[in-house]
Amino acid sequence: MLIDKMITLENVWFSYEDEHYVLRNISLSVCEGVTVIKGPNGSGKTTLLKIASLLLKPKKGHVIVEGTSFWSASRSVREKLRRKVVYVHEKPYLFKGTVYDNIAYPLKIRGYDLSRVVDVAKEFGVGKILNTNVNELSAGMRQLVALARTFVFKPKYVFLDEPLANLDDENKSRIIRIIEKYARKGIAIVVATHMNINFRKEIVSKIAFMNNGVIVKVSKYK
Amino acid sequence: MEGLYQEVLAITLRTLWISGTATILAISWSIPLSLILISSKNRISIFIQDFFNALISLPTVVLGLALYLILSKSGPLGFLGLLYTPLAISIGQSILITPILVSMITSSFQKLRDEVWETAITLGASEFQASIALLREGTLLLIRAILAGFNRAVGELGVALIVGGNIKGFTRVLTTTIALELTKGNFELAIYLGIVLLTLSTIVTVAIRSLGLRGAYR
Amino acid sequence: MSSKALIIIVLAIVLSVALLSLAYMLFTSEKQVVLRVLTTTSLYATGLLDRLAEEFSREHPNIVVQFIAVGSGEALRKAELGDADLVLVHAPSLERKYLEKGVIYCGKIFAYNYFVIVGPRNDPANIAGLDPIEAMKKIYEAGERGYAKFVSRGDNSGTHVRERMLWKKAGLNPKGKPWYIETGSGMSQTLMVANEYSAYTLSDIGTYLKFSSKLTELKVLVDKGDILVNMYSAYLVRESKNEKYAKMFIDFIVSDKGQEIIGCYGREEFGRPLFYPVKTASIEELKRMWNELAEE
């Protein structure tokens, strides 16, 4: 496993405001394939995901991205690294406007060509509603739009927070298939969930079990 | 009667122009300031927010007098020659409504901010781009705050009277005209002008209300 | 965020202020001299000054006269701060104070009329036709016995200064008495209050006449006596940079033409003039009275 293809948390502690630590001494590395973080609600999965996806700064410990300690790096380095990482909320926020606007957003701010939007939308099953206003979408559709918006700019690390919550069976299996497909392409995908998700064994690299702010067990597969 | 009508029209337009300028000025610093305040959640920013909340009820005459002393020929900014000009009123009103804008923007953006900011940043936006996204997502809230500020500027008397001087054809606005007509004993005209003022702010308030409803629907 | 945003804020402020001042300069770039005149409210509210300025501008189209209506005390204080080219006031004792300080100079009396003591129609203090000082004594007495009330401006205006002088001459101090009401507001509001309370008050004749139709409870009871002469004077302000033009305006209002406008103003509306031009009294006589009033 090459160190320059990983995000690693080293002895990370985190607390909101002056409260007690919600994460205690977490060490975990994320690499190609699917990493599953399993644990009950309130065990600290979301916080862990936000730290690993560089949105929250840990109180103690380090976040190493491709060999660089992220929070001690310069601003420009941080912005460059951050652009490879994306976090998707359990109930993703969609920007005002159409489905197309949302999927095009990450490309626009990077100055990329927008021609990819239509293909990616089709792949995620939202190709026919590109011009629909996001106000009119169901929860499942919103999740699919958010995922399309996530994968459209070819990120290297994707963090999905409860991606299957609020979905019907059809959409659940569609999203599982999509995750497996991108994991096979070499993208590191981290899925935090309290459910049992049946991914194909060969694409799951590890499962970390969390409880009460600590990782209690890690099962490695590859 | 013809002449009177024209004068009322001129005064109304001048009021809109002066208070509009004040609102634009206030927006130019209130929006960035609000964005900073909601993004840095430390004690200082909370203190500043409380401070602005308290300033909302600052009496206009106190602000007017303070500005008068600053803009007076013998005051620190006297050399600018701004006293008794429309620009002096605009500046005074822009200071007056800044706490309203900042308080309304920070309080209404707080919730929206977390969602939009996180989403934009994680999708690769720079902090500047994320701010733009936040403003776009909160346009309605923003317009609401701006209209509320404008309404306050149009309806205030103290600043306009003290630093404007109520000079005929130059710094005379609706509220100062009402005060003057009251002094003159022209109660009828004062009431008539009051109705014009009330109509203006009612239009603005209704606009705020309807935007608010549509905003909530989102 | 903070450093970048701070730069944006500063830029935004600088930019907007610059733009606005530019726009403002474009608006006012015509080669006009602006004369700032601080004037007492009672004088301005009659509309006489706008009429005078209109005529003056016809003769001097390059001079714009701007009136700012405030109380006499405020006008003189602001003149001291340098915020006017001219003051038009009617409080001799205050004027003298500022003359001595060197704030104002080159004073000219340009109009006069009379203060009047107005009061309830049934005149509970029995002052009708009395000498002003005697009338004040009677009002005090009636006030003490609970028959009468007096409403004061209480705002250091020319009228208020005169009222204090009347009390002083009568050897009385009504301040703090339950029947002595201070409004702290303009003449019109004070008259309205007097009307509501059926109280006595001191008013300039101009404002009273303009309002008389609304003052159903009140009538003029005392209007004679040197001490009720209300003299309006114009002064140059030492700090002014438009001395030459300010002088022109003063010269205009004491000129025959200016005096004629003053003498005629209000005649149509009220059947009598609101102000008398100075030539209707001997100027020496007026100066003597001014000096007497300024003594206080």
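Note that the chains are named A, B and C in the order they appear, and that numbering of residues resets to 1 at the start of each chain.
In the analysis below, a residue touches a chain if its C-beta (ideal position, glycine included) is under 8 Å from a C-beta of that chain, and two chains touch if they have at least 3 such contacts.
Because the structure is predicted, anything quoted here is derived from the model rather than measured.
K.L.:
On the document's contact criterion, could you list the chains that touch chain A and likewise touch chain C?
P.N.:
Output, common partners of chain A and chain C: B.
K.L.:
Nearest chain to the global Cα centroid?
P.N.:
B
K.L.:
So which chain is the furthest away from chain C, centre to centre on CA atoms?
P.N.:
Relative to chain C, the chain whose C-alpha centre sits farthest away is A.
K.L.:
Between chain A and chain C, what is the gap in Å from one C-alpha centre to the other?
P.N.:
Centre-to-centre distance between chain A and chain C: 75 Å.
K.L.:
Based only on mean CA positions, could you tell me how far chain B sits from chain C in angstrom?
P.N.:
Centres of chain B and chain C (C-alpha means) sit 33 Å apart.
K.L.:
How many angstrom between the C-alpha centroids of chain B and chain A?
P.N.:
From the centre of chain A to the centre of chain B is 43 Å.
K.L.:
Where on chain B does chain A make contact in their complex?
P.N.:
Answer in residue numbers: 115-116, 118-126, 129, 133, 136-137, 218.
K.L.:
Which residues of chain C touch chain B once you look at their complex with the stated criterion?
P.N.:
1-2, 4-6, 8-9, 12-13, 15-17, 20-21, 24, 28, 36, 41, 45-47, 50, 66-69, 78, 81-83, 186-189, 207, 210-211, 214, 239
K.L.:
Mind listing the chain A positions that touch chain B in their complex?
P.N.:
The contact residues of chain A facing chain B are 53, 55, 79, 82-83, 85-89, 92-93, 95-96, 105-106, 109-110, 135, 149-150, 153.
K.L.:
Sort out for me which residues of chain B touch chain C in the complex.
P.N.:
It comes out as residues 21, 24-25, 28-29, 32-33, 35-36, 39-40, 72-75, 78, 83-87, 90, 127-128, 131, 165-168, 170, 180, 182-185, 187.
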